[in-house]
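Here come two complexes built around chain A, the first alongside chain B, the second alongside chain C.
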Partner chain A sequence: MTSASSNSLDHRISLRQRLALRGIDGVTLLVLPAVLFLLAVFIYPFIYGLILSFKPKEGGTFANYRTFFSDPFLYDTILTTLWLAVPVTIISIAIALPVAFRVRLMTHQRLLTTILVLPVTLGTVLVAEGLLNYLGPQGWFSRTLMLLGMIDRPVKLTNNYWGVFSSLIITGFPFTFLLTLSYVSGVDPALEQAAATHGAGSWQRFRHVMLPLLVPGLAIAFCLSFVQAFAVFPSAVLLGAPAGPTRVISIAAYQAAFEQYDYSMASAIAMIMAVVQLLIVVAVLGIRNMFYRGSTAGGKG
Partner chain B sequence: MIRDTTIGAKLWITAVWVVVAFFVINLLAMIATVIMSSFATRWLGTWLPAGWTTNWYFTAWSEFQLSDVLIVTFQIAFTVVALSGLLGVTAAYALARRDFPGKKLVMLLFLLPLLVPPITFGIPLATVLYQAGVGGTFWGVVLANLVPTVPFVILVMIPFIEQIDPKIEAAARVFGAGTFQLFVHVLLPMLLPGILAALLLVLVRTVAMFELTFLTAGPTSQTLVVALYYSVFAAGVRAVQSIDAMAVVYMVTTLIWLLIALRFVNPTQIVARAKQQQTTA
Partner chain C sequence: MLLASSPFHEIRLDRLSRAFGAHNALKDVSLNIRKGEFIALLGPSGCGKSTALNCIAGLLSTTGGGIFIDDKRIDTLKPEDRGFGMVFQNYALFPHMTVRQNIGFGLKMRKVAKAEIEKRVEEALNLVRLQGQGHKLPGQLSGGQQQRVAIARAIVIEPPLVLMDEPLSNLDAKLRLEMRAEIRRIHNQLGATTVYVTHDQDEALSLADRVVVLRDGEIRQVGKPSDLYERPDHLDVAEFMGYRNRLTGKVIAKDGDRMSVAVGNATLTGTARASLKVGDTAVIAARADDVVAGTRSDQAVEAVVETIEYRGREFVGTARTPQGLELVFHAPQTAELGSAIWLTIDPARALAFAA
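Up next is the complex of A and B:
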C-alpha cells in the first residue's frame, strides 16, 4: 500500500514525463510568447473585423455586404483588381520560368539576383515615384521610343491602367522570379540529363520532364504573386487613376475606413478582399492537385 | 550539362536574355531618373537636366523635416528589430527542437501573416489599434510592423537552429550549464550569423514597409516611406526635384542595410521564406 502523498507525487512526475514524452517541456513553452502575440495582433483583429462587418452603422446584419454588392462603384473594384492582378501574375510567371531555366545554368547568379532584389527592397512607393518621371510624357522611356522611330508622340503610361501595370510588374516580377528560381534549381539536373540521353529534344524535356515536376511549385508561386498583386495600393493611387480605371479594392477599403470613418464597412471590404484571394488560391491549389506531386530529387532505386 | 546547338535553341536563349536585359535596363534607368532629377536645376523636355545642384537636398531636408522623420524611422525600425528578435528566436528554438501536438497549427499561425497581404489584415488591425488607443502612436506602428516580422524571423531561424547538433547542447548541460548560460555561451555564438541576417532583413522590411505603417501612423510616428508617399500624393505643391531628393535619401537608407544583409544571406532567401532544405540522394 502506498500513501496518498507519494501516490500524488508519482502522478505528478508521471504527468510531467508524459508531457515531456509528447514533446512538451520548458523548451516548448518558449514558443508561447510569439503564439500569444500573434493571436492578439493577428487572429483577434481578424475575428474582431469579421464581427464588426456584421454590425453596420445602419441597417441589418448583412447591410454592409448588401451595399457592397449593389453599388457598382464598390463591387466593380473586385473586377478592376482582378483585371490588374491576374495578367500581371500570369505574365510574371511566363517570363520568370524561361529566365529561371537559363539562370540556373549560370555560375555567377549573384549579381543578377541582387539587381532583381532591388525593386523588392525599394518597395512600391519608390517605384511609383520613379516611374512617374521615367514613364511620363517627358520621360526617357517615351523619348527612347521616339528616337527609335517607333512612335511619333509620347505614349501615355502614367495615371492610367498601364502605369499601375508596369509598377506591379517591376515590383512583382523579381519576387516571382526568385521563387521560381528556387523551385527550378531544386529539380535534380540528372532527370533532365536522363531524358536527353534517351533522345528527348529541349521542348520534349521541358514538356514531359521539367514541367510536371514544377507544376506544384509554380502553383505556389502563382498564389503568392497573385495575392501580393491583388493587394496593390500605393501604386494604384500614385501611378494610376484612383477615381476610375484603377480604383482597386484596397482603395475602397481605405476610403471607407479613413475618409468616411465607417470601420464596419471597411472591415466588410477587407473580408471580401480576403475571401476573393482565398477563392483564387483554393482554385489554383485545386488544379495543382490534379498533377504529379512528389520528390523533385532524382533517386537511384 | 546539356548543350543545345540548334538555331532555334540559340534564338530562344537570345530572346530570353533580351527580355532580362530589357527589364534590368528599365529598372536601372528608372532609378537613374530619380537620382538625376534630385541633382537637377531644371529638367523639362530634354534628355539631361539643364544644370546640376545639390540644393534640393537642403530644401527637402528642411521642408519635409527629414531629420525628425529619419529619427522616428530608425527608432521604430530598431524597436521592431529588437522585439522580433526576442520573440522570434525563442519561438524558433522551441519549434526547431521539439515536436509537440498542434505544431502544424502553430506553423500555420506563423505562415499566415506572411501570406496574407499587409493591407488585408492591416485594416482590421488598425481598427483594433485605434479602438485600444494606440493607433497613431509610436507603439501602434511598432505593434503593426511586428505582425509580419516575428513570423519572418521564426521561419528564417528554424533551419539555422536545426543545423546545430543537439549533442553540443547536451554536452553543455552535462557540464552544468543552466538554460541562460547555455544560451549565452553556446547557442548565441553559433547562431549569431543567422540572427544577424534575419534581423538585418527585418530592418530592411520595416524601413520599406508602407501599408502597415501608413494605416497606423499618426503625424509624429510617420516613417520615411510614408512621408515620401504623402509628398508624392500631394505632388504639385512642391518641386519634383525636392521629392526626388527625399526619394534618394530613402533609397540610400534601405540600400545600405540591404548591402550589409546581402553579405550574410542569399538573395533568394528574401522572398523564398520557408523553403524546405532539399537533400539529394
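Up next is the complex of A and C:
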C-alpha cells in the first residue's frame, strides 16, 4: 500500500519533470486564453466563411468563384487594390529608410519618433477628413498653388486614386517607419565604421553592408505594411472614387454582403482577398530566404 | 584619393584635441609616428585613448590640431579617403560575407582587379593562418579566428597605418597570449605602422616599440617599454606600470639621486624620479616583486598579514602597516594571517616621487 502510493508519486513527479524539460509547466497554461481567443475570433470565422463561400445562393459549389473571375467589375478589384497597396508600401519603405538612417544618429530620437507616429493615433477617418479639406478643390493646397500662379485651376487630388494614395501613405507610414527604424538601429554601428575605414563611401556602405543586412527586415516590413494597405476600405470610400478607380476588393465584399445581402459571395471575395495577400507575402518571404538572415552584429559585444 | 602603400616617412599628430561639450577628451596630443613603428596607446578607461584612435581613423572629428602624413594634412579627409586599416574591439566583421569577401572588402572598394584580389586574399589568409577557412561565414568561426580575419582585412590593403582598438579584450586569457604573439609576428613580417590601443600594460609593453601613456586626455609619458617600466616619470604612470606599493614619508638624506625616506620607523631608499631635497615629503613606490618578507631591520617596514595566496614558486600576499597602508608582497614561504612580518623593499628597484 505504502510502496504503491510512493511509486505513483514518483511517477507523477517524473512526468512533471519530463514536461518541464520540454518547456511545459504550469505557466504554459497561460497560453490557453490566447488559444481560445484565436479559435473563437480567427479560426472559427475563417472556416465558417470558407464553407459559406462554397454554398452560393444559386449554382454549384464554385459558382461564387466562377462569378467573381468572369465579371471584370469584380475581378478588376484585385488589380485596383494591388495598384494602390504595392506602390504605397514600396514608397513608404523608400521614405522610411533614409529617415530611419538619419533618426538613428539623433540624440532627440524620442521626440521625432513621437511626431512621426502621431498620425497612427488619429485614425483613418480623421485623416480622410483633413485631407478632404486640405487637398480638396477649395483646399489650401490648390489655393496656395493658384495664388502663387503655378496652376490656373484646382488640381484634383481627392475623390480619386491620389486621395486614397496619400491617405494610405499618411496612415501607413508611421508603422512602416517604426519597423524600419528598429531594423536599421539593430545593425551594429561598428560595421559601418569598419566599412568606412576600409574605403567604402556612403553609397558603397549602404549597398554592400547595410542593405544586405536589412533585406530580411525590410521584407517583413513590406509584408506587414502591404497587408495593412491591401485591406483599405474607409479611405477608399471617403477619399476615393468607390464606384470607379478606387473600387478596391473590400468595397466589392462590402457591397456583396450589405447591398446584395449575399453573404456567401462576400465570403468568397474575402477568401480571394486572403489568397492574394498570402501569395504576395509568400513570394516576398521566398525572396527573403535567398538573403543572409543571421545576426547583424559584427562579432562579440 | 587613397593614400594606401604610398611611401611616407612619418605620421604626425599635431596638438590633436577633441572636446565633447565642456569635457576635453583629448588635449593637445602631439606625437610623431615613424614608418614601421608599433605604437601602443595605454591608459585606464576614459583616458582618451579610444578617442585618439577614432580621431586618427576619421570616425570622430577633431576639435583642434591636425594629423599629417609627412606634409599632407589628412584630418580633413573622410575615413574612407584616409586609406587606413582598422581592427575593432568586437571585430566588426560583415556577418553576411564569407571570410574571403570580408578580407577582400577593402580591395574591392578600391576597385582592384578580381584576380589580384583573390591572390592577395589568399596571401592574407596564409599570413593569419586561416588556410581553408575562406568559404566560411564569420559566425562559424571562433573568437580568435574572427580576430584573425579582422586583422587580415585591415592589413591586406597594405595601409600606411593600421589602427587596433583593444583587439584582444574579448578573448579569453590563453587565446589573448596566443594572439599577442601572432600580432607581433605579423608586425615583424610586414612592418606595418601600427597604433594599438589597450588598457593592459602587459600587452603594451610586450608589443610596442614605443608606449604612449595617456591620462585625462593628455600624454603623461612616451617611451620605450623598458623606459616606462623602469623609469616612469610620474607616480600615476608608475602605478599603471605595476608600482602598487606606495609609502609616504620625509626625505632625510640624499646621495646623488638616491633618496632616503623615513616611513614610520623604517628608512627606505629609492631612486629619485623628481627633484627632491631633504625635508620634502616623498613617496616611495615599489612593485610587489620588490617587496619581500624578511627579517627585522632598519630598512624593513612592519605590517600585519591580511591575505596570502599560493602562486606555485612563491607566495603573494597583502599586509597592512600600522599607518593603515596596504602593501603587496612576495614571500618564499607562507605566513600566518594576522601575524606581524617585516617587509624589505629592494633599494635598487624602488623609486622616489614627490608627493
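A few remarks follow.
The criterion applied here is as follows: the second predicted complex is superposed on the first by the 271 of 301 C-alpha atoms of A that agree within 3 Å, B and C clash if a C-alpha of one lies under 4 Å from a C-alpha of the other, contacts with A are read in each partner's own complex, and residues count from 1 in each chain.
Just so we're on the same page, a contact is a pair of C-beta atoms (placed from the backbone, for glycine too) under 8 Å apart; a residue touches a chain by one contact, two chains touch by 3 or more.
Because the structure is predicted, anything quoted here is derived from the model rather than measured.
By the touch criterion defined above, A:A196 lies against chain B and chain C together after alignment on the C-alpha atoms of chain A.
By the touch criterion stated above, A:V155 is placed in contact with neither chain B nor chain C.
By the document's definition of touching, of the two partners only chain B reaches A:T124; chain C does not. In the superposed model, A:Q138 lies in contact with chain B only, and not with chain C.
Looking at the shared chain after the overlay, A:L213 reaches chain C, while chain B stays out of its contact range.
In the superposed model, A:A274 lies in contact with chain B only, and not with chain C. Between chain B and chain C, more residues of chain A are touched by B. Contact with chain B, but none with chain C, is seen for A:F37 once the two complexes are overlaid on the shared chain.
In the superposition on chain A, contact is made by A:Q204 with chain C only, not with chain B. Where the contact sets of chain A with chain B and with chain C meet, they give residues 188, 193, 196, 296-300.
Across the complex, chain A is touched by residues 2, 57-59, 78-80, 82-86, 88, 90-96, 105-106, 108-110, 137-139, 143, 146, 150, 153-154, 157, 163, 170 of chain C.
By the touch criterion stated above, chain A contacts chain B in their complex at residues 22-31, 33-35, 37-39, 41-46, 48-50, 52, 95, 98-99, 101-102, 105, 110, 112-134, 138-141, 143, 170, 173-175, 178-179, 181-182, 186, 188-189, 192-193, 196, 202, 205, 224, 227-228, 230-231, 233-234, 237-238, 250, 253-254, 257-258, 263, 266-267, 269-270, 273-274, 277, 296-300.
Looking at the complex, you find that chain B touches chain A at residues 1-2, 4, 9, 12-13, 16-17, 19-20, 23-24, 26-31, 33-34, 37, 44-45, 47, 87-88, 90-91, 93-95, 97-101, 103, 106, 109-110, 112-113, 115-121, 123-128, 143-144, 146-147, 150-151, 154, 179, 204, 208-211, 214-215, 225, 228-229, 232-233, 235, 240, 243-244, 247, 250-251, 254-255, 258, 262, 266-268, 270-272, 275, 278-281. For chain A in complex with chain C, the residues that touch the partner chain are 188, 190-191, 193-201, 204, 208-209, 212-213, 291-292, 294-301.
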